[in-house]
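Some structures to go through are shown next.
One chain, chain A, appears in both complexes that follow, with chain B as partner in the first and chain C in the second.
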Partner chain A sequence: MIAAVADAVTDAVPQRTLGRVQRTLTYLVILLMCLLTAVPLYVMLLVAFQPTGAVFSGGDLHIIPQTISFENFTELLTETDALTYTYNSIVVTVGVMVLATTIACISGYILTRFEFRGKTAFSRSILLSYMFSGIVLAVPFYILFQSLGLLNSHFALVLGLTALLSPLNIWLMWQYFETVPISLEERAWIEGASRWRAVRDVVLPIARPGIVTAAIFSFSAGWNNFLLAQIVLSDSEMYTLPVGAALLLGRDAGWETAMSVSVLICIPPFLIALFFQRYLMLGINIGESG
Partner chain B sequence: MAKEIRTERLRKEYDADDRTVVANDDIDLTIEEGEFTTIVGPSGCGKTTLLRMIAGLQEPTSGRLYCGDEDVTDERPQDRDISMVFQNIALYPHMTVRENIGYALKIEGVPDEERAERVEEAAEILQIADQLEKKPDALSGGQQQRVALGAAFVKEPEIILFDEPMSDLDAKLRAELRVEVQQLHKRLDATIVYVTHDQTEAMTMSDTVVTLREGHVEQVAPPTELFDFPNSTYVAEFIGTPATNFLPVDLQLTDGTPTLRGFGMEIEVPSEELDPHVGETVDLGVRPQYLSAGGGSFELDVTIDVIEPLGTESVVHATRPDGEPIDFVTDDIAEIFPGDTVTVGFDEEDLIVFGPNGEAVVYGARLFDSAGATQQIN
Partner chain C sequence: MRERLGADRFRWESPVLLLGKVALALFVGFAMLMWLFPILYGFWASVHENVVASAQFVGLGNYADVIAHDLFWKALNNTVVFAVVTTLTSVGLGLLFALAVNQGIRGGSLARTLILFPYLIPTVVIAFLWQFMLNQNTGVVNELLVGLGVLDEGIRFFGTTEWAMPAVIAMSTWVYAAFAFFILLAQLQSIDGALYERATVEGANAWEKFRDITYPHIRTTLLLVVFLRGIWLFNHFDLIFIATRGGPINETLTIPLLIYRLIFREFSYGQGAALGSLLFFLLAVGAVVYFKLLDRGEVGAG
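On to the complex of A and B.
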């Protein structure tokens, strides 16, 4: 029925008009999506770069800022612990990136190149464990870290985040290593390279896009995580940026301060999205094909 | 220094589902040092497995493998002085041509300067000197193949293995590279083992051809011998295009002489070798090249189906009186048209008699005076 109507439309309307309608519709949808994403971001920037109190001064918000001020940021960096939070976030994020990516590479390589008993069960459990949300594992993590005496440490947070992230990363690296033909490694062995040397010289350079993608996923998990950080970290000295931001909001800090923390949080992901777009797309593609 | 390769009851078994597949069944084979040996056979005959065991990429289930006098069965591929050209060419995509060719030398620890010199010399020989700084994906298929060749011989190994390296190339390029591989072999002091399913490659390039069949060595012989004296219907069918014609005939005694009867022919074959098969149906094999239109001591009528002109000669596909196909090669198709019935014939020295189990029993060329036999190879 629909096909028949479509045919009728195609017959009746010239191709050029049809193309034009299609294009217009596409752009409309894109525009709508951009607005949905951009408006909140714009509001965030607007509030963050206005002098304290300006937002509520007249009771209404100017769409076009009257003045631009860095007052909020100065206050944020001098009066609050935002710098400590940032430092903590960097420590945790780098830790997660290194640990999670390394584990993903090693596990992915083993899954690709070695046959072992229980391999299928293992690969299924990877997928299964990815289905659990962080909240399900939060309490077990708490108990685990408590018994290990690791509570309130960045190391525990790195371990926990790596555990949450590993299914996805291992899956990604596994799929990526599968695309590296075994014959390249075999050629390297025959040419005299040890197994490790062949991995270093041949497999890892070819898999670099996959590794970068895994690292980006790890970055995102480490930098943006709130839930696990809040559970594991009890001392405000240890807080990461998202937990710290929530703390600021919860206290008497104004919206301006909260929004300027948000801007701070947004900068690294924004830069990564800007410069590593290609790898993000790759992650999506691999995810689809895998 | 080229080395001899010798296998002793070399065996490889796989577990597939719940049964054991024997890829190589106790193979005893000697590949002479410095020779160009081709291992040929259809897919699944175990030829690549055999090559990979020689390379050390697969462990034999049992048996021993020797390079020269040394038992290398348990040696890692890294410790064997070999090179290998892979079916998918296997160039490192992230390295330049120069780095690709020089990788083995780099691992060996050859100093930069000497390495550059040897890589450039290899590139010169293979006519890819101007491609050295490019990445493999910027090269044509033929150039990539040359890089793989360069990488294989630059370290001057004792043994070079080829695993169907030309199967993805077009016919013209294959013909070109066949010549280059042979020239390279002349230049090098290396034993070459070349695996292919393409009997043309086997016939044109090798000193010796090893024909494999379901994990067994069926015949080891120089190409001409393989063509004229196949030891089984399997080899006769696989080697040479078009495949050998087989005519089922009855073997009977006429005045004490074994005689082949069938298709209106009576061929006396005075050989004692045939005695055990008297009273049985045997296969009379004749190469299409030795079957000529309109002439021969023994003749039968066939109906022409399709004519394939190949330039100087043509392959004619026809149907024999019992409805089965028969092929012959002729250089004169002016008078032949599809649908025609023509008489084709052969001489007694052109025939090969195969026993009921497919084994060659009598070669006409050996039994009869072979002075008149044609020795052409196609």
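On to the complex of A and C.
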């Protein structure tokens, strides 16, 4: 008994040193994480705001810019269809976010809370469809949209992207809803809430980080997609930003133009990240007490 | 199990039931049209020749042609290297970052916002950015390595056979570490902080806490992230296609790029579909083995 107490006392000292080592390592990892993420982004911004031709003329790129020029951007906005592409991208992305997140929530909830025939087969087929090559699927999509008269429409692109994205999102929401105990819902029912109210007021708020994650994945799929957009959209007025950017850059543009298009494409994702940041913050303080 | 028994005791209210049925019917219709049809069409095309004009049944002929293709084994090898290494590096880094941010120390929330950006940048941009960063003349990476005296002169990372694959893997890791990071961080945050406090009182060190509290709690998610990301990387196309087109000398040619070549360069949709189906079967077998090996009751859920 006394020995045990003595052990506890001697253990407490290296414990504190260990804690300090751990803290230092944590800081180093976070520093590494910031550098790895931020440096390429900084380089992109740096080049985008250089006057046209600057990267090749002097050879050296200064870490702190000597001059800042908006030349690339004014050229981009006035002399190209960049604004049209941006509008198209916004339409497609919002469509995918709404449709894919809704489908993920409904299917995830059904998979967690109800037993039905074919459930196992359904859940397996979700995963199986995830294993099928996207390029092979692009051709039947083309045929399908052609026969439905949907080719060259943003609606078709939204449907296609949602279909490609749903396996991942449904899995994610399924996992999330599994962590919400049904007893919470039952308590709401006993207090007279309808099934829908219980879902809206109890389940969805708890699953919010999952919903936000699904929405971010959907955003990413809608805003990023290149291959399907290129196949479905034939009219250049319908092009989304990635397809439009590839078209612009096909004309042997310099690094400055490439980077300024890149910055333009990156603005909405960055705004989204800052907006969702508040939701992702929830619960971050839990670890702080220890 | 207990939870599902509870669910059966309650019935759907009738208007909700009707709405639910309509929603379910729409959903099933959508799934049939957008999932089942394209996949079945792909399988159908894989056993036919001259698919688009006048299809003729050729049995497994396309499969035999594809396996005999000059580049098949090289592409398969490249795919395995790319997918396995990228999965390990991105999930490993994602876990490391998630553990660090979960400590709740200052700077963590900034890091968490920053890491979201690479994941949100379109692939077209990522490819441009890394082509620039790894460029022999203007690239920041080469400038740094030469400046530090590691190299005598810059390397054309995407252009040399030894460096193209590592460069593609590094670029992909940069993007996909964020995916593992967010899912794992969400899971880490759901761990009850009191468990760690009790472990601290009982004198557990950081490693013991990780082994006995953290790891059991995130195990299912971790295995799932490895699985989903791994499968996805086997079918990955855009980033490699835009950055290298499979070059130099097919050094970064993976199966999806070979499928693209078969369909859009050699105009044989049947063979492309056969290769896609072959990869699908390999992945399905891999998935079954994975779940069998790793206690499928826990991971599979279905």
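Here is the rule we use: the second predicted complex is superposed on the first by the 209 of 290 C-alpha atoms of A that agree within 3 Å, B and C clash if a C-alpha of one lies under 4 Å from a C-alpha of the other, contacts with A are read in each partner's own complex, and residues count from 1 in each chain.
Operating definition for what follows: a residue touches a chain if its C-beta (ideal position, glycine included) is under 8 Å from a C-beta of that chain, and two chains touch if they have at least 3 such contacts.
Predicted model only: the values in this text are computed from it and were never measured.
Engineer: Which partner does A:N169 contact after superposing on A: first (chain B), second (chain C), both, neither?
Structural biologist: So A:N169 meets neither chain B nor chain C here.
Engineer: Could you look at A:P205 and tell me whether it touches chain B, chain C, both or neither (first, second, both, neither)?
Structural biologist: first
Engineer: Let me test your reading of the model: by the given contact rule, A:L137 touches which partner, first (chain B), second (chain C), both or neither?
Structural biologist: A:L137 contacts chain C only, not chain B.
Engineer: Which chain makes contact with more of the residues of chain A, chain B or else chain C?
Structural biologist: The larger set of chain A residues in touch belongs to C.
Engineer: Let me test your reading of the model: by the given contact rule, A:T101 touches which partner, first (chain B), second (chain C), both or neither?
Structural biologist: So A:T101 meets neither chain B nor chain C here.
Engineer: Does chain B (first) or chain C (second) touch A:W196, or do both, or does neither?
Structural biologist: After superposition on chain A, A:W196 lies in contact with chain C alone.
Engineer: After the superposition on A, what does A:N88 contact: first (chain B), second (chain C), both or neither?
Structural biologist: A:N88 contacts neither chain B nor chain C.
Engineer: I'd like to know which partner A:R187 touches here: chain B for first, chain C for second, both or neither.
Structural biologist: Touch partner of A:R187: chain B, not chain C.
Engineer: Touching chain B and also chain C: which chain A residues?
Structural biologist: 181, 183, 186, 189, 194
Engineer: Please output the residues of chain A touching chain C within their complex, sorted ascending.
Structural biologist: Against chain C, the touching part of chain A is residues 8, 11-12, 15, 18, 22-23, 26-27, 29-31, 33-34, 36-41, 43-44, 47, 55-56, 59, 61, 103, 106-107, 110-111, 113-115, 119-120, 123-125, 127-137, 139-141, 143-144, 159-160, 162-163, 166, 168, 171-172, 174-175, 178-179, 181-183, 186, 189, 194-196, 209-210, 213, 216, 219-220, 223-224, 226-227, 241-242, 245-246, 249, 255, 258-259, 261-262, 265-266, 269-270, 272-274, 276-277, 280-281, 283-290.
Engineer: Show which residues of chain C lie in contact with chain A when the two form their complex.
Structural biologist: Chain C reaches chain A through residues 3-4, 6-8, 10, 12-13, 16, 23-24, 27, 30, 33-39, 41-42, 45, 96-97, 99-105, 107-125, 128-130, 132-133, 137-138, 140, 174, 182-183, 186, 188-190, 193, 196-197, 200, 203, 205-206, 221, 224, 228, 231-232, 234-235, 237-238, 242, 255-256, 259-260, 263, 269, 272-273, 275-277, 279-280, 283-284, 287, 301-302.
Engineer: Please output the residues of chain A touching chain B within their complex, sorted ascending.
Structural biologist: Those in contact with chain B are residues 181, 183-184, 186-194, 197, 201-202, 205-206.
Engineer: Could you list, by residue number, the parts of chain B that touch chain A in their complex?
Structural biologist: So the residues of chain B in touch with chain A come to 55-57, 76-78, 80, 82-84, 86-88, 90, 92-94, 103-104, 107-108, 151, 155.
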